[in-house]
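What follows is a group of structures, each given as structure tokens.
You will see two complexes here that share chain A, one where it goes with chain B and one where it goes with chain C.
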Partner chain A sequence: MGLFTSRLFWIALLVIAFAATLPLYVSGYILGLLTVAFYFGVFAMSWDLLFGFAGEVNFGPTFLIGTGAYTAGIINNLYGVSPYICIFIGAMAAVVAGFILALPALRVRGPYFGLTTLVAVLMLQNFIVVFAELTGGEIGLTIPDVITINAGANYWLALGFMTVSGAVLYGLSQSPIGLVLQASGQDPVQAGALGFNIVKHKLFAFVVSAFFSGLSGALLVFYFGTASVGTVVDVAVGVNVIVAAVLGGRRTVIGAALGAVFLIVAGEFLRPTGELATFIVSAVALIVVLFFPGGFLGAAMSREART
Partner chain B sequence: MDAVSGNFAPTLEVRGLTKRFGGLTAVKNLSFDLRAGEIFGLIGPNGSGKSTAMKSIMGIERPTSGEVIFQGQNVAGLPAHKIARQGFGMVFQHSRPLNRQTVLENIMVALLPDSLLALFHDRALIERAEAIAERVGLGAVMRRKPPTLPFADLRRLELAKAIARDPKVVLVDEPFAGLTLAEVGTFSELIAGFRDEGRAVLLVDHNVKSVAALVDRVLAMYLGEEICTGAASDVMKNETVRRVYLGGAIETSARPETSFHDKEPLLQVENVNVFYGKAQALENVSIHVHKSEFVSVVGLNGAGKTTLFNAISGLLPYTGAIKRGGEPLRGTSAAKIARDGIVQCPESRELFGEMTVRENLDLGGYHLADDVRDKQIEWLFELFPILRERQSQLAQTLSGGEQQMLAIGRALMMQPKILILDEPTLGLAPVILEQLSKALERLRQTSSITMLLGEQNVTFALPHADRVYVLEHARIVWEGDPARFAAEAGEGYL
Partner chain C sequence: MLALQILIDGFAISALYALGATGFTLIFGVSGVLNLSHGAIMVAAAVAAWAASSTFGIGSYAGALVGIVTALVIALLTYFVVVQPIQRSRRIANEEKEIFVLTGTLLWGIMIQEAIAYFFTNNAKTVLPIVTGVVEILGVRTPRNQIFTALVCCLVIALLWLLVNRTKIGKAVLAASMNPRGVTLLGLELTNIYVVVWIIYGVLAGIAGVLLGMFLGVSSYSVGPLTASAFSIVVLGGLGSVSGSLIAAFVVGYLETVTAYMISPAYRTIPALLLLVTVMYLRPQGLLGRR
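Showing the complex of A and B:
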């Protein structure tokens, strides 16, 4: 993997360096689009750590994202605490919620884990609608503070955040823990017989995934200035995260971010086609999943694997 | 070996180990000792509970009762990862390596600590992994990735992972499954090497014969219980063991091949080869079956019986030719082959569990006219009277033996010309075997259906057979009269 790791590293560095120069010459509209895409990229990368490595399909990424986003937003709304503290508390709330969900859910096998996570999203959504006074309900929650209103600064923040998250998640995936996670995902019985506590490792992956999802969700609502079910909780948002990760390439981490950027940018470019946009993007995603299950980066990496 | 290790306390003591699944007792009160520097074989036919016993020792299954004492400490009931860390390694039959990592990295996984703080790779582990790779003969390929390796090297990788953390006890599940004869020799040496390093080795296999040269002592199991323990040669002489594996004096009722008058056999399999990825499952296999003949294909687990039947049923790609009545079957869909009368009754039975016995049978005879179907069912109930009683019961509530009869019954409802039975005795108790055996005999005498039976239970396969083939490591190694089987080929089935 040596050569490829370094090649991937240089390509990533070049792409990020280029991306960092964008605010100097592109419009605020494009910057805004990419800002959202980068936060989305972190959602997708966090999801890939669970699916690609731990082998668990989390159908409810928005449970973690939404918990982080709404917790941060509500605290800011109620107490007017500094956004940075709110964002940190939001991320921690996602971790706690993720832990509480995963602890029992990881005991059930196969599709049941996925179903549990899906039900969690529906419960969160319901909670938000029912406790409208606290959460803003279906109208959405207004968040008084922002980190900055400068489009360039917001863009750089998102880019920097995605870069750091990507580096941490990728590094983790390549570390001994990542190897054990892969082994547990592929053959839990054998990984157990090799002396690894599967539940502990998967729980850890879930908690890390929850941390980055929650953090990213919280940052996103402070960028939007509002939190709503439609943007951070709805099952459809979760499906987009999953599609982005699969599109980019399972078990690659970085690919998930590429998939997210592609998905959001493509959706925007196709906006003139109206309702068709979603259809076209979904069709492309379906074709990739059916015919190139490795995704964009997965195809490239498996070519490497064969050499 | 006893001279070397006999004086020391055993490394592993199993006492009264019992494992129940619901109402089924898979392992009953099993006790044995395993010493350092000893290879101990746990032997028994399919469904005898040997694999469950091994899994219960390793903690993959939680024993219902009993003790597993490792170096004086009871580890029974601990989860697998804790037992592994105490000094156990297990070699799995099926390997699923990490395909994006090299062989070396795969071995390194086994060396990693069970810690969430292990964020950086340790150089010392790499050297240790290299040494292990050399030890099992993977030295030349350790920088390669598993998908580029031959099957035997993937098995070596499993050995490497199992001994990586220098375990005191090594458990090996069917060490030779899927290997060629030459590879069997190499792997025997490797496993013997574990013994010489002072490890206690527990082998699980179906037959005494296949591991006789390797083991120091053998425990033969049947239906969850110990039959006898001792040196391999003694166990092979044991009366009960012989009866379990070979039956007592088998009465055969073979009709000579010359009594079948069809010029060309009804079913011909000629030089068929089948590969699963890198493993060759069938190698130049040729068999033929005459009209109304009863042919048994005897072979151990993994010998290739199911593969052969699946090739005949059109479920697998193969090279060579399979002909029915002289016409090649290649290019005919599996569904068409079945409709035209080659009906397979698979090992896994594949019943519709939530439908009644009657509904299962009606489905089998779905294509028949109503009156023909009724007649067929009537005939079937004569053959298997128990199915008449159970008509309105859900299939999943039947006992194993009744389910097997239903599976055969459903296949018969399709009015087969050639009926293929794949291991019908799998996991059945002896008394059920007898009923099944009688039904097959009646079937043979009262119908003209051509039968092809795949079995590893020789007792069951021989009495009805007109002719027997022995399939071993993907090849046909013997063909002949069932009466000559025990003398000429029986040794391998003890």
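Showing the complex of A and C:
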């Protein structure tokens, strides 16, 4: 395992170093695609921290993402303050949302909690449509400021952000806190009996997951220049986040980012097939779920373990 | 007048919700499976009925039958292709099977939805109703189709009650929901019971889907909202409790109708969601649920 961890580290470093050189020779179109994929990767990694480690099935990752994205967008739209401050406030709003989401999680378990999170997304969606003057409703919210319009700079920002988030989340998952989280996800009673404060650890996981989701959501809307229900709140977006994490391999954090990049790039490659693209991606994801439940990274790791 | 209108309109929509949610909750109660392809199966039934009766012109009765059979076939496919392999998989830890079934059925539902959109476009489709015309009930103009919908829903639910409580196979299903191990010890094959439950579910979802297609019309966009409404009704009533979801269906149906008439159709779903959140906080097991 020690060898593998270090090997994983070197592979990750190589991939990131290679990815960082991409703006020098690929088109802006590919960069734009990967920029979105990297932010998506952070969504999936944050989700994996909650599900893979804390064992909480969060069906509403977009509740956290959307809160961060819309808060940042609305503040920028209303008061015109600098994007960086907006993004920070958006991330903080997502943390508050994470706290709210964590409350039922501490009371109910399993499918019941999953449902609460789903309802949270539907509520947010309704709220956005009803308060259309503030949020832009179904048309979407226009955001006046951008961080930069340079495709390369945006790409590097996204890559850097994903790398840092990935390092923090992965580090966290491998730390003693991650182990306690894993234990409390699998058997909360026993973990509590060993003297660990389950409530505190789970709240912490929610807050961290919400922080990165919200931050990534806010960065994404400043990249898009618009926030809409279809891009950051819709249940379908949340489904994609979950599929990305399960595809890449749950409980691996890094795998979730791989899954997200795969999903978005594959969706783009399949664009010529038109309406069948979503069908094919879902079918591939279903096959992975049925036959390789460990996901990409899980399959690679078990092969590694065997040899 | 308005009160009567709400009473009549609300009843039909509630009865339809009840029928849609019953099969969903039955599967959960017996085999612990939350089937997220529910909405897709209902829409598939409606679209099949629409295609058979309008495009191929075989009449509305035969069309409805085609719709129900379609739902039945897809429901069985869902069980054999998605649910059973996950439940039997040795590579998935037991405590994770739930999330795998959820993810699997969700993906399966998206596949059905996309296939419908591909072959039959995204346009809304209204199934040729079996009965047409309007009738005045105490001064309220009511489409006959609406009354028909309500009647069929009540009849099917009554039949289901008889099936579960008065027949041998129904009692086996009921027993499996209480104690699966006990049932196997009595020499009944659990898989057979599950198949029976999925058949019942397929028929119920098919009838609900076809009626919905006649009553309100469907499109591949209705898949998500349909699954979500069945979900919330079932949670409100208590997962696995059939009588709970019947009550919840009427609560949600009337709450939506009242909101749509008294406030605005735009706010239609909000009070029901608020109620759902309140119930989840105060009584997480739902109105009539067991923990």
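Operating definition for what follows: the second predicted complex is superposed on the first by the 301 of 307 C-alpha atoms of A that agree within 3 Å, B and C clash if a C-alpha of one lies under 4 Å from a C-alpha of the other, contacts with A are read in each partner's own complex, and residues count from 1 in each chain.
Basically, a contact is a pair of C-beta atoms (placed from the backbone, for glycine too) under 8 Å apart; a residue touches a chain by one contact, two chains touch by 3 or more.
Treat the numbers as computed from the prediction; the structure is a model and nothing was measured.
Enquirer: According to the stated criteria, A:Phe196 is in contact with first (chain B), second (chain C), both, or neither; which is it?
Expert: Touch status of A:Phe196: first partner only.
Enquirer: Report for A:Val130: first if it touches chain B alone, second if chain C alone, otherwise both or neither.
Expert: Touch partner of A:Val130: chain C, not chain B.
Enquirer: Could you let me know whether more residues of chain A are touched by chain B or by chain C?
Expert: C
Enquirer: Should A:Val243 be classified as contacting the first partner (chain B), the second (chain C), both, or neither?
Expert: It touches chain C, and chain B stays clear.
Enquirer: For A:Phe204, is the partner it touches chain B (first), chain C (second), both, or none of the two (neither)?
Expert: Once the two structures are laid over each other on A, A:Phe204 reaches chain B alone.
Enquirer: Which partner does A:Gln186 contact after superposing on A: first (chain B), second (chain C), both, neither?
Expert: both
Enquirer: Could you look at A:Pro176 and tell me whether it touches chain B, chain C, both or neither (first, second, both, neither)?
Expert: first
Enquirer: Shared contact residues on chain A, chain B side and chain C side combined as an intersection?
Expert: The overlap between the chain B and chain C interfaces on chain A comprises residues 186.
Enquirer: Could you please specify the touching residues of chain A with respect to chain C in the complex?
Expert: Per the touch definition, chain A meets chain C at residues 51, 55, 57, 59, 103-104, 107-108, 110-112, 114-116, 118-120, 122-123, 126, 129-130, 186, 235-236, 239, 242-243, 246, 275-276, 278-279, 282-283, 285-286, 289-290, 293-294.
Enquirer: For the complex, which residues does chain C have touching chain A?
Expert: Per the stated touch rule, the residues are 34, 82, 85-86, 89, 91-92, 95-96, 98-100, 102-104, 106-108, 110-111, 114-115, 117-118, 224, 228, 231-232, 235, 239, 266-267, 269-270, 273-274, 276-277, 280-281, 284-285.
Enquirer: Within their complex, state which residues of chain A touch chain B.
Expert: 1, 171-172, 175-177, 179-180, 182-183, 186-187, 189-190, 192-198, 200-201, 204, 251, 301-302, 305-306
Enquirer: State the interface residues of chain B toward chain A in the complex, per the touch definition above.
Expert: 58-60, 79-81, 84-85, 88-90, 92, 96, 98-102, 105, 108-110, 112-114, 116, 118-122, 145, 147-148, 161, 164-165
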